[in-house]
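Multiple structures are listed underneath, in structure tokens.
One chain, chain A, appears in both complexes that follow, with chain B as partner in the first and chain C in the second.
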Partner chain A sequence: MKFDSVIIGGGLSGMVAGITLQKAGQNTAIISTGQNALHFFSGSFESLKEPGQRILDLFAEAGVRLHYSPGLWLTPLGTFKESALSLEDIDLFPERKFARKVLIVNFLGYHDFFSSFLAEGLEKQGMSCRVRFLNLPELEKLEQSPSEMRSVQIARTMDRLWEKVVQEVRVLLKDEDAVVLPQVFGLQDTSVPGRIRQGIPARVIFAGTLPPSVPGIRTQILLKQRYQLLGGTYMMGDEVVRAHVHDGVVHSVATKNLDSHYLEAANFILSTGGYFSKGLISNPFQVYEPVFGLDVEYKEDRNQWYNPAFKEDQPYMHFGVKADENLRALQDGKPLQNLYVAGSVLGDTRPEFGTAAGQAIRTALHAADQILKK
Partner chain B sequence: MKLQEYTESHHNFEECMKCTVCTAYCPVLQANPLYPGPKQAGPDGERLRLKDPYFFNQALKYCLNCKRCEVACPSGVNVADLIQSARIKYDHTPPKLRDRILASTDFMGKLARPFAPVVNGVTGLGVTKTVLDVTMKIDRHRTFPKYSGTSFEFWLKRRKKEQAAFPEQVAYFHGCYVNYNYPQLGKDLVKVLNALGVGVQLLDKEKCCGIALITNGMSAEARKHAIHNVAQLRQAVLDKGLKVVTTSSTCALTMRDEYPNLLGVDNADVRESLLLATRFIFEKLEKGATLKFKAGYHKKIAYHTPCHLEKMGWAIFSEKLLRMIPGVEFILLDSNCCGISGTYGFKKENYEVSQAIGEPLFAQIRSVNPDVVACDCETCKWQIEMSTGYTVMNPISILAEAIE
Partner chain C sequence: MNANEFDVIIIGGGITGAGTQRDCAMRGLRTLLIERSDIATGATGRNHGLLHSGARYAVNDPESAEECIRENMILRRIASHCIDETDGLFITLPEDDLGYQQTFVEACRKAGINAEIIDPDLARRMEPSVNPELIGAVKVPDGSVDPFRLCAANMLDAKLRGGQVRLQTEVTGFIREGNVIKGVHTLNHQTGETADYYAPVTVNACGIWGQHIVELAGVKVGMYPAKGALLIFAHRVNNVVINRCRKPSNADILVPGDTVCVIGTTSTRIPFEECDSVAVTPDEVTLLITEGAKLAPSLSSTRILRAYAGVRPLVSADDDPTGRNISRGIVCLDHETRDGLKGFITITGGKLMTYRLMAEMATDAVCRKLGVEKACQTAEIPLPGSEEKSFEAVAQKIWENPTMAQKAAVSRMGTRAARIRTGNKRDDALICECEEVSVGEINAAIDRLEVSTLTDLRRRTRVGMGTCQGEFCACRAAALLAKAHGCVERERADLEDFLQERWKGNFPIGWGDTLREAEYTQWVYKHVLGL
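Let's turn to the complex of A and B:
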């Protein structure tokens, strides 16, 4: 099958590139080995220091509303991290002390939301906290299988039950000026978080849970729908097993599902993600990129890969595929003519594009622009 | 060594990172709280079962075998294979009479075909449905597929000479549904392939692919079918040099993947030659063959990706073919399970779960309001037609209708 561009990796980066190319009139395919890092998404794009109307528009057209307000976001453990751009339902605060008194509400039997950590963290900032549990009979069905009382299962019921949560919270609320709820709202119906905020007479903050991330899955669904609506071909659950490269040009790729039916394209984007997604693989001897065998920037001495102090900056997170200034991938020191690299497979090798989700978006746009410029 | 017997798994359960992504995409988990979910039933459970078969959980029978967990897994764990293999290995409950009947699709077809008008009349009666509901626990809401008086095999055999005259040949694994219930789909395929200059042959003697036997706890019988069918495929592929096509996504998945992965029947020498008809046709067209389409054809088509086709990753061929037809307005439905999963939805105890699973798909079809729903799976067809009232056609039948 022939395409204008084939994108290897269907996460945030791959979808942003795909949407951009489809919108410019290209016929593209995305190959995705299972679901992606959006399922672990905090909801906040950590590195973007400037709004970039183009990014806001791209997401808005997909139905994902973002807000730009540089500040701090509340982590699931009650600490704060800097950020500038977030999903609409994820708050960014100008300072750590965002309220006087906080009511933290969790569901009885739900273990993936760390209300006591949150309380401890917020109290350190001088906010007094009260933790309460909601016992909704509708959730008892989920409790029959405690291992499956997870964010997404709760979120599916919350598209119907959110009004009940509002009522219960209103009963619990005393003199608190802020309420913290787990991020289990608006999986399908994106208006729910906003309506909850309207219904509760205090500032409502949605804090992270253990994965899967509900705001992340919502973003994944909407971006994928947008890509497909633009005519893109999204191949979920497939994997590139071989690439055919001659004289510095990628001609086609072979996938696990399509065996001898190759996917040909004029340009390719590699957005296969980091270690978790197997975009990068490490063994005792090396860190390598498995699809093309591209050049990877990493330290020869394995003892320098990691810092034994777990919470410190880990050097292996900086390793990544090498690319030239136009993000063309390097193989044996030379750029491949039509292969561009985007997202966390670059590691932290390109700080000029930011880090994490911010880097994923910016490198994807840059790669798509290079292709469209040709 | 004795210990090895218990500590060895043929599936890669140790590659599970415990990320729980599979649980977000399991259709059963959304509707049935008794099901422990793919992570628990698959890789987590496997670790325990290897220590002691005592940990085998009967609730694994609620798994639909839709394989959406495998499609979603970022780590490439064969979650559904782990679950189905565990059922084969540890569940020795003899299947009920009902399950035997539901699973024996080709035997029932042979039995019913000569009396088709009578059988169709009787199974369509309300009283029969009530009796089957009460005595056999086959849900009364279900409509049994009608049996055809003339089998597809009989029809094609009469055209053997005419088909042999085509310069290129292909073998067709028609499956039980085309043979006994809906020969028209087979005839449509013959029409399209003939238009491409390809003649259609039968395999020497095919048996049911066996998927219903696997899911109903009759894996020993399924294995016999697998061995027989692989021998048939070898005859066509290796001796005659033919490709083999099917029009059922589930038959294709079963023979390509379930045979080696669940039943231990090696098919490596023929696997790549067994194709879904839409892939075969797409590849012919890509190499320059052409189809002559009718002028003035117009249809709004909503395409539903069957779970097993989603797993195979071949829905793109059906999609691209339909998009090629002039006058077709194509809408790709969100990939969701329809809930029937072969014989699963026919069982009284599964009826409600089955309908709850399918509801998001039904709702989307109603809102799109297409002229026809396209889908490569016969059991999805029954489910969608029963639950929405919209007509469902195989892409091959749509192609046949759209060409001169």
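Let's turn to the complex of A and C:
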């Protein structure tokens, strides 16, 4: 199979690159193992302080509604963090005290939404809180199995049941001017969070749950749909097992599912993520990049990989694949002519592109631009 | 009777202290146990969890070997829910001297240990993970024991018999009149409150920290802190304890326990100042993996879950004026005869699995001082939870068709699992999916087993001990604790402490899947949950 570009890794970075290249007329493929960092996305792009119109348009065209309003978002444990850009259903408040009185609504038997932590956090900011639990008979089926009351399972039910939640909340509501609900709405039907807001006569805030993140998975679904509508080939549940490189040029890669069919392309992008996504692999002696064996910046002395204090910055999280100024991957100190690196597999080696989601998007756009310039 | 007065005060909430409190309570004494942090935080919870058959000591220390096999048989009866009767193998590898096997077996038999030479082929069938290169094998009655459960069950029985327990409470000094210890001054680390407690006898059962306690009392005991490092693997690779049939050395015991297995140990003398913060070094990790893989080669490709270290409370011979107790390992000092200080006893040395004997010795000494004549019964009366032997049978007695989670709960709590609220879906919901711990079991532990922090909860229920190392369950359990204690603010700090405590055991082995999990936990707690 022949493509203009093949992208290895289907997370935020890979999809942004894929969409950009498809939109510019290229024929591309994305190879994805299936899980990526969007599955535990907070819903707020803390690392994108100045997103720029290009990024906003890219998301808008995919149907991912964002809003830009520098302020604070409410974390699942009831603290506040600064951010300028977030998904539309994640509020950004100008100040911590966003209401006078708050009604926090949880589901009975749901342990992944921390209503007591939220209440304590909000009360610290001078908002009085009331926590109530909804007992919906429709959720009983989930409760039958002791490990089914989790965010995505509830969200699947809520695509049908959200109107019932609106009614229950209307009954519970007294004189509160804000209602906090768990982020389990709008997994498939993206209009649901907005309709809940219209249906409840108070400000509605959706606060996060334990992963998987419903807004994150929704974002993943929408970006993937956009990529496929533009004609891209998204290979889900597959991974690269071999790469053919000659004289500094990548010719093709082979995947687990398509073993004998090589994927050939003029250009390749490596966006395989960090340790969790196996873009970087570590053993007691080294940190390496498993697909091409690229140069990785890391400390040889393993004692220097960690800070014994969990809450402190961890050096290992900065390690990453080395790339030249155009983000071409380095192998034995020399750039490969047609392999570009994007996203968190870079670690912290290129701070000029930012961190986290900001890094994923900016490096993906930069890599795509380099390919299109050729 | 004044609420601050007791017959005996026991300092130290490890297995020796808990066992001594139980024994004293069974002999009708009014007991108080004081522990500066939580149960089983010292050497009790930081070892192999091996129910020695005694075979390891048979050649060099026959007295210890006899002690072990006697206690081994007793614990199978009285603590069945804390014990896994796995049996053990002593294997001879090509580089070992096969001639040692005969010496070993003879010494075992002399000590009363049923040691049986078996064909290497049979050993490979009995334990498929064993190094297939073995040239000799001996089967012995080793087993594994859960020290947290054992400690909690002893303390629970003491409480059922009227004993009182003060956790998170440190002894800051002794109340002394002339050469008589009358009681102790204490400080509660959680509330900041101070309190005085009185008793005619005080027992120091603090393991290596007993050194500090005897100093507070103004006497000297020469202790020898010996650090031992161990690794926990994420799977139960072996079902039978595997030992090397040679002179005891480093990293030559692999013990299965619950869902995991443990390799150890090393032995290094450390300064006293380091006892509170022992860390495992990269060299120790390398040694443990290399030697461990010789027992079971698959260990070299098995994920390591944690590294940890404990400090053995050995007593150096030259400082013990009587010198009598050294060979036995157990040291019971009556400071009245030894130092002229009345009302004070130190019990130390020994092993996890000889705790009952140590408790008996200490309690005998207490009773002699108080003039109480009642025989020890701890070798006959089972611990709460261990009244029935088979946990499958117990589970079926409590629930007609027990679920996996209920069976897991019975394996942890024995017959006490009947106290878990169950039968409705809210109580059956799982908090910890790796170890199948339910809401009901966690609430039962909070109510009945003196839980104040997430780490306390982990010791009693295995929450956070599985492959995810508390990534998800820590938060869920924190919410239950916040509800039970009515304080969210304290729980936030507790959650941070819990994650720090997990990281402490993860970073020495931070590579491969452990590092993946650590990166994920970092990301989730710092960036998503906003801790």
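By definition in this document, the second predicted complex is superposed on the first by the 374 of 374 C-alpha atoms of A that agree within 3 Å, B and C clash if a C-alpha of one lies under 4 Å from a C-alpha of the other, contacts with A are read in each partner's own complex, and residues count from 1 in each chain.
Definition applied: a contact is a pair of C-beta atoms (placed from the backbone, for glycine too) under 8 Å apart; a residue touches a chain by one contact, two chains touch by 3 or more.
Treat the numbers as computed from the prediction; the structure is a model and nothing was measured.
Asks: Kindly classify A:A119 by the partners it touches after superposition: chain B alone (first), chain C alone (second), both, or neither?
Replies: second
Asks: Once chain A of both complexes is superposed, is A:Q228 in touch with chain B (first), chain C (second), both, or neither?
Replies: first
Asks: Given the touch rule stated above, what does A:A60 touch, chain B (first), chain C (second), both, or neither?
Replies: Neither chain B nor chain C is touched by A:A60.
Asks: State whether A:N257 touches chain B only (first), chain C only (second), both chains, or neither.
Replies: After superposing on A, A:N257 lies in contact with chain B but is clear of chain C.
Asks: Taking the superposition as given, does A:V249 touch the first partner, chain B, the second, chain C, both, or neither?
Replies: It touches nothing on chain B or chain C.
Asks: By the touch definition at the top of the document, which applies to A:K81: first (chain B), second (chain C), both, or neither?
Replies: So A:K81 only meets chain C here.
Asks: Could you tell me if A:Y306 is touching chain B, chain C, both of them or neither one (first, second, both, neither)?
Replies: Second partner only.
Asks: Quick check for you: in the superposed arrangement, does A:F276 touch first (chain B), second (chain C), both or neither?
Replies: In the superposition, A:F276 contacts both chain B and chain C.
Asks: Could you tell me which stretches of chain A are touched by chain B in one complex and by chain C in the other?
Replies: 40, 144, 147, 210-211, 276, 278
Asks: Please name which positions on chain C make contact with chain A in the complex.
Replies: 279, 282, 285-286, 403, 405, 425-426, 428-431, 433, 438-439, 472, 475-476, 478-480, 482-483, 488-489, 491-492, 496, 499-500, 502-504, 507, 510-512, 515-516, 518-520, 522-524, 526-531
Asks: Which part of chain A faces chain C closely enough to touch in the complex?
Replies: 37, 40-42, 46, 75-81, 108-109, 111-112, 114, 116-117, 119-120, 140, 143-144, 146-147, 149, 208, 210-211, 213, 274-276, 278, 281-284, 302-303, 305-306, 308-311, 314, 316-317, 356
Asks: Which residues of chain A touch chain B in the complex?
Replies: 1-2, 29, 33-36, 39-40, 141-142, 144-145, 147-148, 150, 152-153, 156, 210-212, 217, 225, 228, 233, 235-239, 255-261, 276-278
Asks: Within the complex, which stretch of chain B touches chain A?
Replies: It comes out as residues 17, 19-21, 23-25, 29-30, 33-37, 39-40, 44, 70-76, 272, 279, 282-283, 286, 310-314, 316, 319-320, 332, 334-335.
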